[in-house]
Structure formats: structure tokens, C-alpha cells
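Shared chain: chain A. Partners: chain B in the first complex, chain C in the second.
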Partner chain A sequence: MTVNNDILKIFGDYVIKAITIDNIDYIEVSKDKLKETIEYLTKEYNLHYITSIGVDDRPLTRTLRVYHVFSRVVEDKFIVIGCSTDPHYPHVDSITPVVPAANWAEREIRDLLGIKFRGHPNLERLVLPDDWPEDIHPLRKDVPYNLRSVVEVKVTYPLKRPREHTVLPVGPYHPLLHEPEYFELYVDGEKVVDVEYRGFHVHRGIEKLGESRLTYNQVPFVAERICGICGFTHSTCYCQAVEKAMKIHVPERAEYIRSILLELERMHSHLLWIGVACHLLGFDTGFMHSWRIREHIMRLCERLTGNRKTYGLNLIGGVRRDINKDGVKKAINVLKMVKEELKRFIECLLSLKEVKARLEGTGILPKNDAWKLGAVGPTLRASGIKYDVRANHPYAAYKEASFSIPVYTEGDNLARLLIRIDETLESISIIEQLLDKIPKGDILAKDIEVHEGKIGLSMTEAPRGENIHFVITGKDNILYRWKVRAPTYANLPVLKVMLKECPLSDAPITIASIDPCFSCTDRVIVIDIKNGVMRVTSFKRLLRCKI
Partner chain B sequence: MVELELTLLGVIVSLFYSLILDGLERKIRAKIQSRKGPPITQTLYDVIKLFRKELLIPSTAPSMFMFAPIVSFSMIIIAYLILPYGFPNPMGFYGDLILLVYLIVASTILLLYGGSSSGNPYAEIGCSREISLLMANELIIALVIATIAIRYHALSLNTVLASLTISPSSILIVLTLLLYIYIESARLPFDIGEAEPEIASGYLIEYSGPLLGLTIYTHILKRTLLYLFTSVVILGLVDNIIQLSDIISRFVTILLFVTLLSILYSIISNICGRFRVRHAVNAVRAIIPLPVLALILSFLGL
Partner chain C sequence: MKRIKILLMAKKAGIVTEPYPYKPVEPPEGFRGKPYIDPDKCVGCGSCASVCPPNAIQVVDLIDKGYRRIELFIGRCIFCGRCSEICPEDAIELTKEFELASKSQNDMYQVVLLKMVKCKICGRYFTTQRNIEKLLKELPKDLWDTILVCPECKEKSTAYTGSYAKR
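Let's look at the complex of A and B:
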């Protein structure tokens, strides 16, 4: 029995719509029964929570909508459960008590669309800056994309600090990660007791931009800039979502090229991370050598696409640039060399006792917590759960390659390191297979038709975990809704579990072990030392300073 | 009085040479990491650059914050003055061995105190880490001094240089010293007090500009001082074998020892990761049997 029929049978009267498009089961229920439906589904089926999406549907149906997206673990299917609410009194039941992983997504919807979630344990601001007015929700359609917050409010960091422990701020700038983030560690001697996280200093409003300013084919280039390391997976994911929504057939050769570059990206991303991990453990020699090996991959990417990073290759319907015979030959040679060098390096790295001692048994993430809190990617697989989008929901040319998915059960930092090492080696094998049988033909689909009001959902396995793009197509060559969920968003909440009772010296490597990726811009915060008031400088003030 | 002038010359040469030595270590590190590396004079440039910068002091820091690096620096300079550079130092006196160790330890503690007085939590954690390492490490040097005093009835550096002979206890002393100065010079895996990625340079975090320059210079000088001290002991030990009589060649030999030690240590520290605090302290404690054995042997007159 399909999920749709099952739901219709049990919640019959409350189901407003239940349709299946490709591999997406779309169910719209009455908002009173939303929580029950999801409770039932998560109990009956082995569902993996992906994300929640808020949509301002007032121009069409005069409602605000919430979609909760799940994927099925056993087959390549997605389940989208939607409900709508009155824009004058936007209240929906929170599903966080049933699905803890939905915590952040619901807070984000509350910030950006103003939908309140009843029964949410901690419905505080997540994404919006502290000086943003309470009643303006940026993703609503009547808010222009270039609106700036004009009021200057005095704000303090509203974190609940335990009084009896030393507070150790990590961030907004800290040598641990050269990106803006804010962890507050509560330390008792050399032991971390608790941790609070505050991020989104750098929310750039890319979704709003994609919904108002950019055309379909411009979005991939902005999407690629979501991440400075794994950008290609974002543009691929976006293109796939639109291709799915509009039922565009992508030429096989383009899919191969996408897969090859996705794997190259995974390799250089993992090598980058291994280097950073070495640095955090004080083993700078490992850091340098890891990055030396990575450099071969970067140069190969430049040879294949014209760019070391941010390839600018994806368009809806395919890719812009072909790989020629010389490129294939070069790639095979480079991969062979990298494999040799990497194996030698890994052997050296794992033979260092003090490095291994600091990774083993620290930052443990139990299997249950990993699944419940929605960890993704290597973080999830290091805790013993075999879930990889490339295998569970194959996309691009991954069906054509055979590869294994490394899984470790320890859930500690060492397991997360070993997963990434294994995956890097596995990537080499995938690329070699794909290069071997890359078919001839076009690289870009012709005659693309644009349809309005279609839903597209696509997932890719980024180096850091699963990456999801959700689109609703609109008119005038512009998206109606574009939702992005990057993997770090799902992985950050599990840090709280990993950091508890962890020695302070292992906190940095534990934080880094999820390979967090924040983007690199920040607002200015002025702190008055005398009275301890922090003030976020508004855009108006920055303009006055002629920045 | 030519020895006094030569000693002063030795001090000046060492003050400059220590910076070059650090540059050399950076070059070696670069080679191991397959990089090109900065020029050998880079540390000198760094220190000069820092001295030219604006002096910034946190408004909450006590005056100790500013004075600690200055006093710490002058203590190290005094230590340089009492050291024999391959020939008896006319400024040496009975008991200057104890003063030397006192100066080294006190300058470290002063720096820690100055850094942590800034009130920065990272500085406090770095300080507490460093102290726990210091506690274990100072026991080792105390045992070494006791051994020298008992075996050779010497508490002055000049007599150490003159009277050391090869014996089981003296070989153990040199071995212990080699380990002690490695730990004392805060190299990987023992640099837990600074640990840049963990606690953002630890007790150094609030220092900037000239004060940071002074702290870094003091740190480099301390390293070289430890090498010099060990080289003096080694030279005293092998004096009868190599039989150098010329003052200049003895001084050059000491500098050679210092350079070799520096190269050796920088290679070791580049193939290490950082210890956890507990592991570091345990590693230091594991060394303690060595000087204890030396002490027992010295009682037996071996």
C-alpha cells in the first residue's frame, strides 16, 4: 500500500489533497491533524526528516503554507506533508516534540514568514539579526528584497548562561575556524559542561534574491556561491530540482560531467578538512601535506572547468563546458598520483600516537541521537547509520558507478576522520569508473519549456552531508519559492551532544569534526565595554560611515 | 680582563644569533612541510615590526600586565650575563647555577602571571595548563642541580664547565637535561599553554605590538639560553676528549652545539601533534626516574 492510500484511509476526512508526482508523495492535511499525521508516519515508516519549508501563498490562495519534507530510507521516495494557515492568525502545531530535528527549521520559518508554531520548546529568533523589527518577515512576498532594517535597537546576546562555570567564547572570530560563528562553551576546569550556539551572523538572504531578482538560469551561479568549498553541489542540486519540476531530460554526458566534478569537489573538500583537523591537533606538517595533495585536485579542476573552485558549469538542462580527451587523460594521471600520495600520507598520519589518542573516544555521537537530531553525511555514517543520498536516492550518473559507503559505529572523532579518508579513496574509484565509460553526445538539453507552479525537490550528497533544494516555479522566468538547506544546518544541533563532558583541548576538533561551513561575511557588533551593552550596527549607520 | 669583554661579546652574539636560529628552525619546518618558507631573517623582521607598532593595553588590565614582559626580559638578559661561553665567566660566583634556574623559571612564571592578569579566560586557561606542566618539569631540574652539587661539589657554572667528567651519573644528567629543555622550550607536543587553535594563543592573547614583540623575543632568548646551558654542560663533559684550548674555538663549538640542538628539536617538534594536558603532564612525570637514578648514582660516587 502506498503512503498516500494509507494516510487517506486513516485521516481520510482531514486529507485535503494526496497526489504522487514522480517519486514525491504530496499530502496536504488540515492543520489540526498535521502533528498526528506526522506522528503516525514517522512511527509506521522509516522516515528521515529533511527540512521544513514555509511558503507565502497569499497571492494565489491567500494562505501561508508549511511543508515538512521527509525521505524514505528503504526506497527512493520523498514525502511532503503540507498544510496551510490563515495569514491573519498564522499558527501551526509544532512537530518538534515528535521530530526533534525540525527545531531549527521551524524557528527559521517563524523568523522569515511569521508563522508561529504551537508547542515548540524554544521558539526564539534564529536567523534574523537582533535589530530586525518584530513584524517584518523577509520571505513574505510583500517585503521587497532590498529592504533594510532601519531601526537601531540595543541588543544583548540572549543566551542563558549558567553562573557557576567559566564562560569561554569561541567566536565570532576565533582561530579555530576562520569564519564567523559563535559558540559559547561553559567550562569547569578543563571539561566542557555545556555549549550554546549562535550563528546566522552571515545570513545573506540568497533565497529571497533567487525569488525576486534572478532568472532561472542566473540562480545556479548564485547557488554555487552559497559555499566556498562545496559550491558545485549546490548548483547541481538547484538545477536538478528545476529539471525535475519542469520534467527536463538532461543529456547523459552532462550527468556524467556533473558526477565527476561532484566527486572531485568531495575529494578536495575532504582533503581540506583532513588538513584542518591536523592543524587543530597541532600537527601542522600533516596540514601542509594534506593541502599539497589537494592542490593537484584543484589544478585538475582548473584544467577541466577553467576554475579551481566555483566552476560556473551548471545550467538548467546540463552543463556549459565539455571535458575533452586530453582532460580525461590528465584526470586519470592526476588521480593515480593522488591515490599513491594520499595512501602514504594517511599511513603516516594514523601512525602518530598522540594524534590518534586525541581522536579516539572523543566527541562521541550515539547512534540514536544522530538519527533523532537529524545529523547528516559523514557525521551520521560515523555513528553507524548507512545513509548516503548517492546510494539511497541516486542522482546524476551515480547509478552507473559501483561504490561502497563507509560506515563506522564508534561515532567518535576518529570514526569521522576515517570515514572521510575512505570516502576520498572511494571518490577516486568513482571518477575513474565514470571517466572510463563517459558517453558521447550533447551536454545541454534543448527546447526547455517553462511551466508555472510546479514543485521540484532534489537532494545531493555534499561532502558535509545531504544538501536539499526545493523549488516552486513561478512566472516571468523567476522562481516562486527557492529553499536551500545546506548540510551544516542539520549537523550543528548535534554538537551540543558531542561537546558535553568533552575535555576543552578536544573541543575544537570536535566542533570541526562535523566539518562546519559558515559563509564569510559578518555584521558589525559594537560593544560598549563600560556598561557591557552590545549593539548591532545597522545598515543605515554603515551607510553613514560610507562603507 | 679579556674574558669579560669576550663574555659581553658572547652575550651580544647570542642575543642576535637566537633570532637567526629561530629563522633557521622556520626554514627547516618549511622544508619538512614541503614549503619554501620565509627568509632566515624573518623572525628578526617580525620582532622589529612588532616593536614599531602602537602599544595597546586592555583598560581592565593591572600594571603587572605591562611590567611582566619587561621584567621577564631583563631576567633572561641577566641569565645570559652569568653564563660561561666556553671559558670561565668573570661575573660567575658560587651558586650562580641556582640563580640561573631561578631566573629561567621566574621569567616564565612572570610572563604567565602578566598574561593571566589581563582577565581573559583563554589566558587563564593557558596559564593553568602551563603551571601544571611547570610543576612537574621544575622537579626534574631541581634533581639535576642536586646531582651536580653532590657529584662534583659544584654550584657555580664555571666549576661545572671545568670539573665535569664522563660518568654514569653525568651521562644521565645530560640526557635528562636534553629532555627538560625540550619541554621547557614549549615545543610541540608540549605547547599546550599557547595552543593556537584551542585557546587562541593562551596567556599571550591580550599582548600586542611592542609587548608581544618583547614576549616573543624573551621566549626565543629563553630557548637559546636553555640550549647554551646544555651545550656548556656537554662541553664540560667532552672537554677532555676534544681538548680545545683556544677561547674563540670553544665559543664556536658551543654555538655549533646550540645550532645542532635547535635543528634536532625543530625536526622532532614537526612530526608531533599536540598533547592533551593530562598526557603532557604524564609524559613529563615519566621522565622523573632518570634524574632520580642520577641522584642515587651520584651518592654512590659514580
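Let's look at the complex of A and C:
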């Protein structure tokens, strides 16, 4: 029995719409039964929570909408549960008590669209700065994308500092973390007791930009700049979402090229992380060697795509540049060399007992917590759960390659290191297989028809975990809604579990072990840095940093 | 013993740091560097400006002077090469130049000025002279009359003839 029929049978009268498009089961329920529906579904089916999306649908249906997106673990299917609410009284039941992973997504929707969630345990601001006016919700359609002048409003930011513990601020600018974010570590002697995270300092309003100013084919170039390291996976994910929505058939050769470049990206991202991890452990030789090996990959990317970071290759319907025979030959040679060098380096790295001692048994993330809080990617797989988008929801040309998914059950920092090492080696094998049987043909689909009001959903396995893009197509060559969820967004909440009871000296490597990429996470909003109130907030923060 | 392995690995790799900038670096084939608009080829159609994701290329008509100004600002450019892909005249090419730091802001701009022509009905500047020359080459002789008419005037005149025909 399909999910749709099941739901219709049980919640018959409350189901407004239940349709299936490709591999997406779309169910729209009355908002009174939203929580019950999701409670039932998560109990009956093995569902993995992905994200929640708020849409301002007032121009079309005069409602505000919320979509909760789940994926099924056992088969390649997605479930989207939607409900609408009256814009004059936007209240929806929170699903966080049932699905704890939805915590951040709901807070984000509250910030950006002004939908309130009843029964949410902690409905505080997440994305918007503290001095943002209460009644302006940037993702609503009546707010212009270039809004600058904001009324001065003073909101006090409640400090949740337990009296008996010392607060150790890490950030917002800290030499250890290369991007602006703020961790408040509560310590008791040398032990970390609790941690609060406050991020989203560098919002860039990319979603709003994509919905207002950029055309379909301009968005990939912005999408790949969401992340400074795993950009190609974002543009691929976006293009796939639009291609799904408009039913565009992508040439096979283009899919192969995408997969090859995605794996190259995974390799250089993991090598970068291994280097950073060595650096954080004080093993700078390892850092140098890891980055030296990484440089070969970067040069190869430059040769294949014209840019070190594989930027500017994706368009809707395929890729812009072909890999010629010379390129294939060069790639094979480079990969062979990298494989050898990497193996030698890994052998050295893992034989050092200092490295092992620092990583083994630190920052443990138990399996249950990982699944419940919605960890993704290597962080999830290091805790013993075999879930990889490339295998569970295959995209591009991953069906054509055989690869294994490394899984470790320890859930500690060492497991997360080993996962990344194994994945890097696995990537080499995937690229070699794909280069071997890359088919001939076009690389860009022709005659693309644009349809309005279609929903597209796509997931890719970025180096840091799964990455999701959700689009609703609009008119005049512009998207109606574009939602991005980067992997770090899902991984940050689990830090709370990992850091608890861990010695302070292990905190940096533990924070780094999820391979955090804060730029990916902070992508949602139009911010005004120049208004006076912001200065007040940062001054307060500065004062706190001086403690 | 293990530590010796690291030393051996380092010895084998040798010095990998390149002596840049003392020794110039040659980018690989197919590298997308600073775009260059060939002022002799450009007809001022503005396709590049409409396709450019970061709005690095802007086309402005200087109505009082009778010139169309195509301005490329490298400071905004993301080197995607969409402009060169879309250009119907192959006037834009992405060079291998990547050392773009400069003390003068003017070095960040490339400006192409193209002479414009007036509509023979309303007398407003509406397109570039080079575009007209191109059309003269491509279109058959019996359509030459309409080339010098701006789109708005063309619309008006077809609307008139349309209603005339109906009568």
C-alpha cells in the first residue's frame, strides 16, 4: 500500500490533497491534523527528516504554507506533507516534539515568514539578528529583496548562562574557526558542561535573491557560491531540482561529468578537512602533506573546468564544458598518483599514537542521538547508520558505478576521520569507473520548456552530508520559491551532544569533526549591518568576550 | 621508526612551493580569466548584459551624445564566461589573465562606446550603427526601409496597417 492510500484511509476527511509526482508523495492535510499525521507516519514508516519549508503563497492562494519534507530510508521516495494557514493568524502546530530535528527549520520559518509554531520548545530567533523588527519577515513576497532601511528596535538577548559554570566564548571571530560563528561553552573546570550556538552572522539573502532578481540560469552561479568548498554539489542539486520540476531530460554524458566532478570535489574537501584536523591536533606536518596532495586535485579541476573550484559549469539541462580525451588521460594519471601518495600519507598518519590518542573516544555521538537529531553525512555514518544519498536516492550517474559506503559504529572523532579517509579512496575508484565508461553524446539538453508552479526536490550527497534544494517554479523566468538546506545546518545541533562532558582541550577538534561550514548554513537573509542597533549588540558581545 | 617514514615522505615530495610571483605561472588550457570585449566586433546588442549573473556588464544609452556605452566591471565579474558563450559576434573572449590587482580603479573597467543611429520616424536614438550595418548585410533589399525604424514606431505602423487591412 502506498503512503498516500494509507494516509487517506486513516485521516480521510482531513486530507485535502494526496498526489504522487515521480518519486514524491505529496500530501496536503488540514493544519489541525498535521502533527498527528506526522506522528503516525514517522511511527509506521522508517522516515528520515530532511527539512521544512515555508512559502508565502498569498499572491496565489492567500495563504501561508509549510511543507515538511521526509525521505524514506528503504526506497527512493520522498514524502512532502504540506499545510496552509491564514496569513492574518499564522499558527501551525509544531512537529518538533515528534521530530526533534525540525527544531531549527521551524525557528527559521518563524523568523523569515512569520508563521508561529504552537508547542515548539524553544521558539527563539535563529536566523535574524536580535535587532531586526518583529513584523518584517524577509521571505514574504511584499518585502523587497533590496530592503535596507529598518526601524530601530531594541530587543534584549537573553543570556542562558547557568550561574555555577564559567562561560568560555569561542567566536564570533576566533583564530581557530575560520568563519564567523559563536559558541558559548559552559565549563566546569576542564569539562564542557553545555554549549550554546549562535550563528548566522553572515547571511547573504541568497534565497531571496534567487526568488526576485535572478533568472533560472543565473541561479546556479549563485548557488555554487553558497559554499566555498563544496560549491559544485549545490549547483548540481539546484539544477536537478529544476530539471525534475520541468521534466527535462539531461544527456547521459552530462550526468557522468557531473558525477566525476562531484567526486573530485569530495576528494579535495575531505583532504582539506584531514589537513585542518591535523592542524587542530598540533600535527602541522600532516596538515602540509594533506594539502600538498590536495593541490593535485585542484590543478586537475582547473584543467577540466577552467576554474580551480569547478565553478561555473552547471546549467539547467546539463553542463557547459565537455571532458576531452586529453582531460580523461590527465585525470587518470593524477588519480593514480594521488592514490599512491594518499595511501602513504594515511599510513603515516594513523601509525602515530599521538593522533590516535587525541581522536579515539572523544566527542562521542551515540547512534540514537545521531538519528533523532538528524545528523547527516560522515557524522551520521560514523555513528553506525548506513545512509548515503548516492546509494539511497541515486542521482546523476551514481547508478552506473559500484561503490561501498564506509560505516563505523564508534561515533567518535577517530571514526569520523576514518570515514573521510575511506570515502576519499572510494571516490578515486568511482571516478576511475566513470571515466572508463563515459558515454558519447550531447552535454546540454536542448529545447527547454518552462512551466509555472511546479515543485522540484533534489538531494545530493555533499562532502559534509546531504544537501537539499527545493524549488517552486514561477513566471517570467524567475523562481517562485527556492529553499536550500546545507548539511552543516543539520549537523550543528548534534554538537551539543558531542561536546557534553568532553574535556575542553578536545572541544576544537570535536567542533571541527562535523566539518562545519558556516557559510553554507548562513545563507538566508537580507541584513543591514550599518544600522546603529547592530553596533550595540556586537558591543555587548565584545564585552562578553573580554570576560 | 614510524616517524622516519614521514621524513622519507617529505624528502620524496621535495619543495612543492612555487616561487611565484618571481616566476610567472602559466594557467592551463581552457582557463577562464579576465574577459575582454573586442571593440571592433561588438555590435552593442546587450545579450551579454542580460545573461551576466552578477550584472558585471551594463549597457547604457547616452541619448544626449548619441552613443551606447557597454561597460564591463571586472570587480563584479565571476569569470563564468556566459557572456562569451552567448555573444552572437564572438566579440567577448576570456583571456588567461588573472593578476588583476591594481592601484587604479579605472583598470577595473573596460568601456566600449558605439555610435547610435536615429529612428527615421520619431527621431530618437534606438540602436547602434554597427547593428544596422550588420542587418544591411543580412537582410534582403526589400526590407531595408524598415531597418531604420525603431521598434515602437514599427509597432505603431503595423497596428495602423493591420486595422486598415481589416476595413
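Please note the rule applied: the second predicted complex is superposed on the first by the 509 of 547 C-alpha atoms of A that agree within 3 Å, B and C clash if a C-alpha of one lies under 4 Å from a C-alpha of the other, contacts with A are read in each partner's own complex, and residues count from 1 in each chain.
Following the convention adopted for this analysis, contacts are C-beta pairs under 8 Å (C-beta built on N, C-alpha and C of every residue); 3 or more make two chains touch, one makes a residue touch a chain.
These figures come from a predicted structure and were not determined experimentally.
Chemist: Looking at the overlay on chain A, is there a clash between chain B and chain C, or do the two fit?
Modeler: On the shared chain A, the partners fit.
Chemist: With both complexes superposed on chain A, which partner does A:T285 reach: first (chain B), second (chain C), both or neither?
Modeler: In the superposition, A:T285 contacts both chain B and chain C.
Chemist: Per the contact definition in the header, classify A:L214: touching chain B only (first), chain C only (second), both, or neither.
Modeler: second
Chemist: Using the superposition described at the top, determine whether chain B or chain C touches more residues of chain A.
Modeler: B
Chemist: Tell me which partner A:V187 touches in the superposition: chain B (first), chain C (second), both or neither.
Modeler: After superposition on chain A, A:V187 lies in contact with chain B alone.
Chemist: For A:A357, select first, second, both or neither according to whether it touches chain B, chain C, the two together, or no partner.
Modeler: After superposing on A, A:A357 lies in contact with chain B but is clear of chain C.
Chemist: May I ask for the angle at the C-alpha centre of chain A between those of chain B and chain C, rounded to a multiple of 10 degrees?
Modeler: 100
Chemist: Is A:A507 touching anything from chain B or chain C once the two structures are fitted on A? First, second, both or neither.
Modeler: So A:A507 only meets chain B here.
Chemist: One more residue to check, A:N307. First (chain B), second (chain C), both or neither?
Modeler: second
Chemist: Examine A:T166 and indicate which partner it touches, taking first as chain B and second as chain C; both and neither are also allowed.
Modeler: first
Chemist: Is A:E75 contacted by the first partner chain B, the second partner chain C, both or neither?
Modeler: It touches nothing on chain B or chain C.
Chemist: For the superposed model, what is the least distance in angstrom between any CA atom of chain B and any CA atom of chain C?
Modeler: Once the two complexes are overlaid, chain B and chain C approach no closer than 5 Å between C-alpha atoms.
Chemist: Please write out, lowest number first, the residues of chain A touched by both chain B and chain C across the two complexes.
Modeler: Touching chain B and chain C on chain A: residues 285, 289, 292, 352.
Chemist: Of all residues in chain A, which touch chain B in the complex?
Modeler: 166-169, 174-176, 187, 190, 278-289, 292, 352, 354-355, 357-358, 503-508, 529
Chemist: Touching chain A in the complex: which residues of chain B?
Modeler: Those residues of chain B that touch chain A are 29, 32-35, 59-60, 121-122, 124-125, 129, 188-189, 191-192, 195-201, 270-279.
Chemist: Name, in rising order, each residue of chain A that touches chain C in their complex.
Modeler: 214, 217-218, 221-222, 225, 285, 289, 292, 295, 299, 302-303, 306-307, 311-312, 320-321, 341, 344-345, 347-348, 351-352
Chemist: Once bound in the complex, which stretches of chain C touch chain A?
Modeler: Chain C residues touching chain A: 2-3, 5-6, 9-10, 13, 16, 27-32, 51, 53-54, 78-82, 85, 94.
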